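Each of the two complexes below includes chain A, the first together with chain B, the second together with chain C.
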Partner chain A sequence: MRKDRNKMKNISIMLTTVSLMFLTMSNVVTAHTSEGNSANKRDELPVLTSSAGKVVMQFHQAIQANDKSKARGFLADNVIIYEGGRVERSADDYANHHMLADMKYLAQLEVKILEHEVREVGQTAFSMSRTKLTGEFKGKEVNSEGMESMVLLKKDGKWKIAHIHWSH
Partner chain B sequence: MRKFIATFIALIISISAVAHDDRDHSNKDKKAIVDVIKSIKYGWENGDGLPFRRNFLDFEGARYIEGGGQNAGLDSLVEHHVEPEKDALEYLKLSFSEIEVHFEGEDKSFAWAIADTRIKGKVNKSGKTFDKKGFQTFLFRKVNGNWKVVHTHSSSRDNK
Partner chain C sequence: MKALKILLILLLLGGASAATVMYSGIVNVAADEPHSDIVYWLLEETREASIKKSAQHIKVPDLESPELLLMGGADYEYMCSSCHLKPGLEESDMSIGLYPQPPNLSISHETHQHGTDEELARKNFWVIKHGIKASGMPAWGKTHSDERIWAMVAFIKRLPTLTPEQYQVLTAID
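Let's turn to the complex of A and B:
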């Protein structure tokens, strides 16, 4: 009887494993078909399973970790950045000016991602995210929502950020 | 020698024809995108949801960001933002300038457009006027030969 029960348990574990594998594979297929040009297909990718999404996350982490060179590496040389009513038209411009202020600002705050979606369309991807910023900066309380849109382009197998629009 | 010259000339002509075709194609696509942006301007200024329904790609997860907030989905954008402004504002003037369009992908079926914006209006209830300037990002995908907006992001500040 116990043997039978164990057998049943093993079968159940196997079935669950096979189902999970099937679901995982289905997700991978969705990710690949999404790279076609059909807008009818649901091409929403979970951020962490999308290679473009990983780049966005790593860029955010580099900014928060004060790692200028790593953050600069995710930007296309001719990136166009809209932030706080200003425009910066190259990665070097941003890295040498506003990036440092962003790093100082974010280092003081708690940043919580409320929403993040990334869609890949062939060699192009776009990312939309909403974050909650709380804490204190220069003696002032901060409690705001930040909005971010990005365009990423894949060149030589690497995703680079070509455009960022930040607002809050 | 003559054969060589004739082949060379034919090659030059075909290369320039292809380049011309590409330029024409790109100009046509740029015009189509600018036309969509003009119709969006009309929609905002007149509280008319139709240009949005015609030119936006409605899909699950669509987000339109403006002024620190967002509308999730096309219905929300039209019903909760565009159309109510007709009653809430006495007038709204919107202008897009310095429009830049970038085409991406091997088949150039993705485009992103950026522009400087100027927004002026008057609130009915309070009588207050506003004058703001800022930036706009539009993302497009070409679907069945038509450019469709998949995402927008607008940010502005008081014009001082």
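Let's turn to the complex of A and C:
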């Protein structure tokens, strides 16, 4: 029964993500185009001044600053996180497992945002970003691009991250 | 020898005159009574020259990072907005009552502001850190790190471009 509920929740989040991405495809293309024109400088003000975007940025900052409890606070209790073929099915699972590895990894690297789009649609918001990671981790040079999709849900006036999909 | 005597007498007279003015109570120090134009000009030019000289060697960091904007926004709201205003707030009891009147940082001063963005950032950092005597501007450097002060400088740079709604989001503390 619980498995069925989880499966339904997964499907619903995936459908929401796909449909929202489809709805705003034109905006994503615009953001991508402007990246090439503005060289290295990206203006994050539009993201920071949307309440959902600010939550996403603060979550990123907390992870990079190694602040576990703050990062945990931005996640919905039942967040579902897809990363590297693995699934974390709650905020506590992630906070006690893979979050620590993510923090160690990102603490060693320089992270540059290549593009970032956040849209709020009622009580749901989605965030899509690409980042460039450079530096050295465990003696190996890192020079890669990461992609991130998030779904946020607003409850009691606060945005919480309900789903994350990371790929590198 | 005679010249020295004259100089001494002049100094004594000058000191006595200054003491008479000081202790007679005839100088109006009320903040609701503005300085004469010449006194205002003298004080303003002195202040600007002092800030420019003191700030000239300050190294300006990258002020574009999102972290600085978030940190600076919250501090601006609690430490600065009541005097220096914010989008949607054109005046406050403090901005009306203080003399000299604090500049409204929520509007662009491009038309009458001299210097580059970097010079302005240096000056803003110095003023926030050290304050200005007898103006109501505190020295925030006594209680705040340079990083937090630079964050406020970064936020002030973007402040005139914000709508009231954007300001609200950026400065809110969860």
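In this section, the second predicted complex is superposed on the first by the 123 of 168 C-alpha atoms of A that agree within 3 Å, B and C clash if a C-alpha of one lies under 4 Å from a C-alpha of the other, contacts with A are read in each partner's own complex, and residues count from 1 in each chain.
Please note the rule applied: contacts are C-beta pairs under 8 Å (C-beta built on N, C-alpha and C of every residue); 3 or more make two chains touch, one makes a residue touch a chain.
Computed from a predicted structure; not experimentally measured.
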Message: Between chain B and chain C, whom does A:51 touch in the aligned arrangement: first, second, both, or neither?
response: second
- request: Quick one: classify A:132 as touching chain B (first), chain C (second), both or neither.
  value: neither
Task: Could you tell me if A:151 is touching chain B, chain C, both of them or neither one (first, second, both, neither)?
output: first
Message: Residues of chain A touched by chain B versus by chain C: which partner has the larger set?
response: B
Task: Could you look at A:68 and tell me whether it touches chain B, chain C, both or neither (first, second, both, neither)?
output: neither
Query: First (chain B), second (chain C), both or neither: which does A:98 touch?
result: neither
Message: On chain A, which stretch or stretches are contacted by chain B in one complex as well as by chain C in the other?
response: 44
Task: Note which residues of chain C are touching chain A in the complex, please.
output: 64, 66-67, 69-70, 158, 161-162, 165-166, 169-170, 172, 174
- prompt: Mind pulling up the chain B residues that touch chain A in the complex?
  reply: 57, 59-61, 63, 65, 67-68, 70, 102, 104-107, 109-110, 112, 114, 133-135, 137, 139, 141-143, 148, 150-151, 153-157
- line: Residue set of chain A touching chain C in the complex reads 41, 43-45, 47-51, 54, 57-58, 61, 158
Field: Sites on chain A touched by chain B in the complex
entry: 37, 39, 42, 44, 80, 82, 85, 87, 117, 119, 121-124, 126, 128, 130, 144-145, 147, 149, 151, 153, 162-163, 165-168
